[in-house]
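In what comes next, subunit A is part of two complexes: it sits with subunit B in the first one and with subunit C in the second one.
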Partner chain A sequence: MSPASAATVNERKAAVLAVRSLSVTFQSPTGPFEALRNVTLHVRPGEKIGLVGESGSGKSTIARVVLGLLQEERDVAVSGSVRLGLREILGDQSFIRESRGDRVSMIFQDAVSALNPTFTIGDQFKEVLRRRNPTISTAAALRRARVALADVYLHEPDRVLGSYVFQLSGGMSQRVMIALALINDPDLIVADEPGSSLDVTVQARTLHLMNDLIGRRRTSVMFISHNLGVVREFADRVYVIYRGGIVEHATTAQLFADPRHPYTRALLAAIPRLDQRGIPDVPETIPGFADPLIEHEGCEEPSLASA
Partner chain B sequence: MSPLVRTLIHRLAASLVVLAGVSMLMFVVARVIPGDPARIALGPNATEAQVEALRRERHLDQPIPVQYWEYVREVARGNLGNSLYSNRPVRQDIAQYLPATLELIFAAAAMIVLIGIPVGVLSARYRRRLGDHLGRVGSIVGVSTPAFVWGVILQLVFAYFWRLFPIEGRLAASLPPPPPITGFFVIDSVLAGDGKTLIDSLHHLALPALALAMAGIGQTARLTRASMVETYRKPFIEMAHAYGFREARISNRYAFRPALVPVLTILGLDIAALLGNAFLVESVFGWPGLSRYGVEVILHKDLDAIVGTVLIIAAAFLVANIAVDLLVAVVNPRIRFAGGRA
Partner chain C sequence: MSEAFLSVEGVTKRFRSAGGEVIALEDVSIRVDHGECHAIIGESGSGKSTLGGLILGLFEPTSGSVRFKGEILGAPRRPLRLKRAIQLIQQNPLSALNPRRTVGQSIRLAFDVHAIGEKAQRGKRVAELLGEVGLPADYALRSPHGLSGGERQRVAIARALACEPELIVLDEPTSALDVLVQARVLQLLMRIRHQHRLTYAFITHDLAVVRGIADRVSVFEKGRLVESGLADAIFATPQSDYTRRLLAAVPVVSDEEARFRDRFRAAEVDAEEAED
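On to the complex of A and B.
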């Protein structure tokens, strides 16, 4: 091991991602809409956190803030703090702009529509590889891409690289997406409902594959899902989000052994298993859903000073 | 055989059928509109015997199917018949006037593509900013003003008041036309290595081409903008942003190529429609082109010349459409690979 400077030691101990008191308000013609309220969460190096909530609860909005995408839109107010490693990204886009696609990457729900229909898979690998190494040659890029495709068990890498997305199956596209997300060896991957557009067996296989690859590299993951069953299988720690606010925060074991928030209990009661299609059937609202955040013991973000 | 080649062959075969249909239709229409073509050609002073002789010579006394058969044999030999009026082969007349019109149309098409598309792309990239608003207003003005009005406006402002451009014609009277090789003055003067003629012909070409192009530029800018804005909402653009692709690269490549597909299709129709608008622009700028010739032959009921002119225009239209479809296939891999099946 090479001797590390003080800064990198600090950086290694710091959370890969630390979100504090994040609020997001969309300005719409019908008035302001508060999509996120006082959201605080963190991801430690090598850790996989789950973010669970119903459709419209604000999961993707968090993902878009973490990647700096929402900040580039108009008619939206973002406040609070979002740190990547030690860098604050709210208020200064420069760091996140150079980080995304390189240190931070994203896996989209529907790979078929997230890949560009008019460029070959090979072209898209090349562009992503150029994010880390702008001068990489086409031959070198394709060589790296071939290895990455072999990692996701796509056995005819040359055919895949020469294909357009519509020539691949949904499962193959999702594997391509995973290979793309991992190819620059990012510190953090945001996976927003990966594969939920696939049929359940293919989805399960893809998720396990993703989990293996990520585990081997010790990449940190923010795993977004509306399916507690999926989260149970893949996350170390879970945040439950309800209408833009985190309502419960626990390790996966704690959450399933001892769900405390009324909303989490309702979600658990309606849990679909990974091999089942469908959205949990949670009651519209009961009074307890609005209860404040419940954080289980030992889940707090370790402060830098004490680390 | 690649699907693309097969499609091309299909399209060419279909085009021949269309041309046969157009020729039949025009052949009949030219003969049923009122007026005796032989009498019109020879003028009021010709004797009945002379008129009768011309009729016999041109088979005008025969039933229309027989006349058509004669015409087809003529066309098969590579001719388009003879003008009743100028007494020259129609092919020769068209060869004289067509290049002027094509030069005008190609110049206008180039302007539509080179101005309309970039304006649309930039408008979409900087949407809802000042430049976008100006571009959109400009586009609407461009689209909603007829080409001949643009002709008159441009001529008044730039040729008459400011005297920056010549008022009419293809070339200054003091310059001899370049040796005819393609019939395009711009190309022929390049081939002849004659810089002075080249500049003068471009100078003459600019205003009429712009007048002809204005509507297409506006239309193309609007369409490109709409298609780009639509494409920006697609998940693959969000993905491009999430992976940090540079904004200019997204706009010029990753959003541009998918957005171009619907634009190209309409663009092909717009450019083909230039043929129709060219006539008015040609009259405003005294441009010696085919459109003017076409109207002249209709007024003279010059049978073969009418059919020949329409055939050439139809052929140009079909070629433009096939060219656009090929371009669309190049841009859109989905069509390229499905080509044989489509």
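On to the complex of A and C.
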């Protein structure tokens, strides 16, 4: 796709999520810590974007801002703009609180601790469905939940609905969380390291399942991971984040065929490969990690007016 | 056949649990040669960490035996020389390093316990070991809490080396590390293996790491050994469906790697649907 045609696409469709110049600073006893620095990104309808970085890079901080969770904490300064659709959420906590679980939902790394241990799975479905439709009857909610569980290949819906999370395996809990995240047909799913606490075979199945369901509904996803391989299989477009700043933005194909930022190149070079003996040599210091953002062709951020 | 450096012979290990008995390992036999890096692969519940525990003497096999250079390795009252010869490096080094001791004290303890070298020389040896794992000598005075994950793992490596071991059991030593740090620590582990003529039993779930470092591979599933052999052979033509399934599930970062992996995928579609 030429840069020109990509820009037209950008302008035609309003972004589901548009983050502009987002900065986050934590106040700590040892002084201020800048967790995010001038982060700009967007997610278009039906698009799966990957946000990839190492631990401490700030990728999960972005997720918490988008979900409105960080703004509820003390000793945090947040500036910039975060829009869900056309609505600004910074400074509007009531809107994001109502949207969470409904217009925006989340899938976390560890489903077992993300699900409420004191309610049955059935009760959790009811609660989430009532965020969209406060008057839905218990019978109707459980009917919807059974269909949603069948979609994630959980074949004994009544047993699952009557269970507490500790009675389910890690893989089953992860599927329940996916079903819960999708049940209100949200505009955006924020998936933070989904499945990374599971065994590789279970993780692969879970990701395929999630990909399949999201693809069918054309739900937009912000997919956060430290694992470049997982991002490569899942995302259409990727932002690489290093120490609180986006350093590279490319389509998935562009990024893996032609990584340009010194940090991205170092990350890709350091990953052990299934088809190669030996361990890559990674120098103790690599110059250029602090270099400015590199945007690939067609990946310019849409202007504020069109977003 | 020559005497194996480390051999596991018909080992079964059962644990009592609230609900009855769990068979963690069932009739497992493997052989580890001197100087090799032997990867022990499996998912959770495969028995791979139980095998590590048996080698380290954390518990006894229910039946069968583990031999180190011909000598049966028991658990209770294992002689100090065997404890010294077989060391552990684990996933979370913080749990292996006493938070009340400085880095230098933790390393030096190994010299004192095993009476290694002359007392007057031990401080100097600590500095040498820190240098060998790529840390400045003044790290001896620091607390493990103030270190990064990679630095802690380097300290754990130095502490293991202080014992002048022959065999090191590595239990997911880089799984908690970021990718750049992981590569540096794996490089270090490979270098000291050659320099010190060490043998590794490398427990991991990460097949790309295994391809990078292992000479031989043993694959475990639900307490059973499903396959054991040269790494080159297992990655070229895995014999077990389970090994193929593991290979097929690995997320990859290049088209060549995807082509390599996808050879194992075709047969897996049916198996996936049948699972859980």
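FYI, the second predicted complex is superposed on the first by the 274 of 307 C-alpha atoms of A that agree within 3 Å, B and C clash if a C-alpha of one lies under 4 Å from a C-alpha of the other, contacts with A are read in each partner's own complex, and residues count from 1 in each chain.
Here is the rule we go by: a contact is a pair of C-beta atoms (placed from the backbone, for glycine too) under 8 Å apart; a residue touches a chain by one contact, two chains touch by 3 or more.
All of these numbers come straight from a predicted model, not from anything done at the bench.
Asks: Is A:Phe108 contacted by the first partner subunit B, the second partner subunit C, both or neither?
Replies: First partner only.
Asks: Is A:Thr135 in contact with subunit B, with subunit C, with both, or with neither (first, second, both, neither)?
Replies: neither
Asks: With both structures superposed, pick whichever of subunit B and subunit C touches the larger number of subunit A residues.
Replies: C
Asks: Where does A:Thr30 make contact in the superposed view: on subunit B (first), on subunit C (second), on both, or on neither?
Replies: Neither: A:Thr30 stays clear of subunit B and subunit C.
Asks: First (subunit B), second (subunit C), both or neither: which does A:Ala270 touch?
Replies: After superposition on chain A, A:Ala270 lies in contact with subunit C alone.
Asks: Per the contact definition in the header, classify A:Leu228: touching subunit B only (first), subunit C only (second), both, or neither.
Replies: second
Asks: Counting contacts the way the document defines them, which residues of subunit A are shared by the two interfaces, the one with subunit B and the one with subunit C?
Replies: Common interface on subunit A, subunit B vs subunit C: nothing in common.
Asks: What part of subunit C is in contact with subunit A in the complex they form?
Replies: 43-44, 134, 178-180, 182-184, 186-187, 190, 205-209, 211-213, 231, 235, 245-257, 260-261, 272, 275-276
Asks: Which bits of subunit B are touching subunit A when the two form their complex?
Replies: Per the stated touch rule, the residues are 128, 234-236, 238-245, 249, 254, 257-258, 331-334, 337.
Asks: Spell out the part of subunit A that touches subunit B in their complex, as residue ranges.
Replies: Residues of subunit A touching subunit B: 67, 69, 72, 74, 97-102, 105-106, 108, 110, 113-120, 127-128, 131, 164, 166-167, 180.
Asks: Would you pull the subunit A residues touching subunit C in the complex into a rising list?
Replies: Touch residues, subunit A against subunit C: 54-55, 169, 171-172, 199-205, 208, 226-230, 232-233, 256, 266-268, 270-282, 284.
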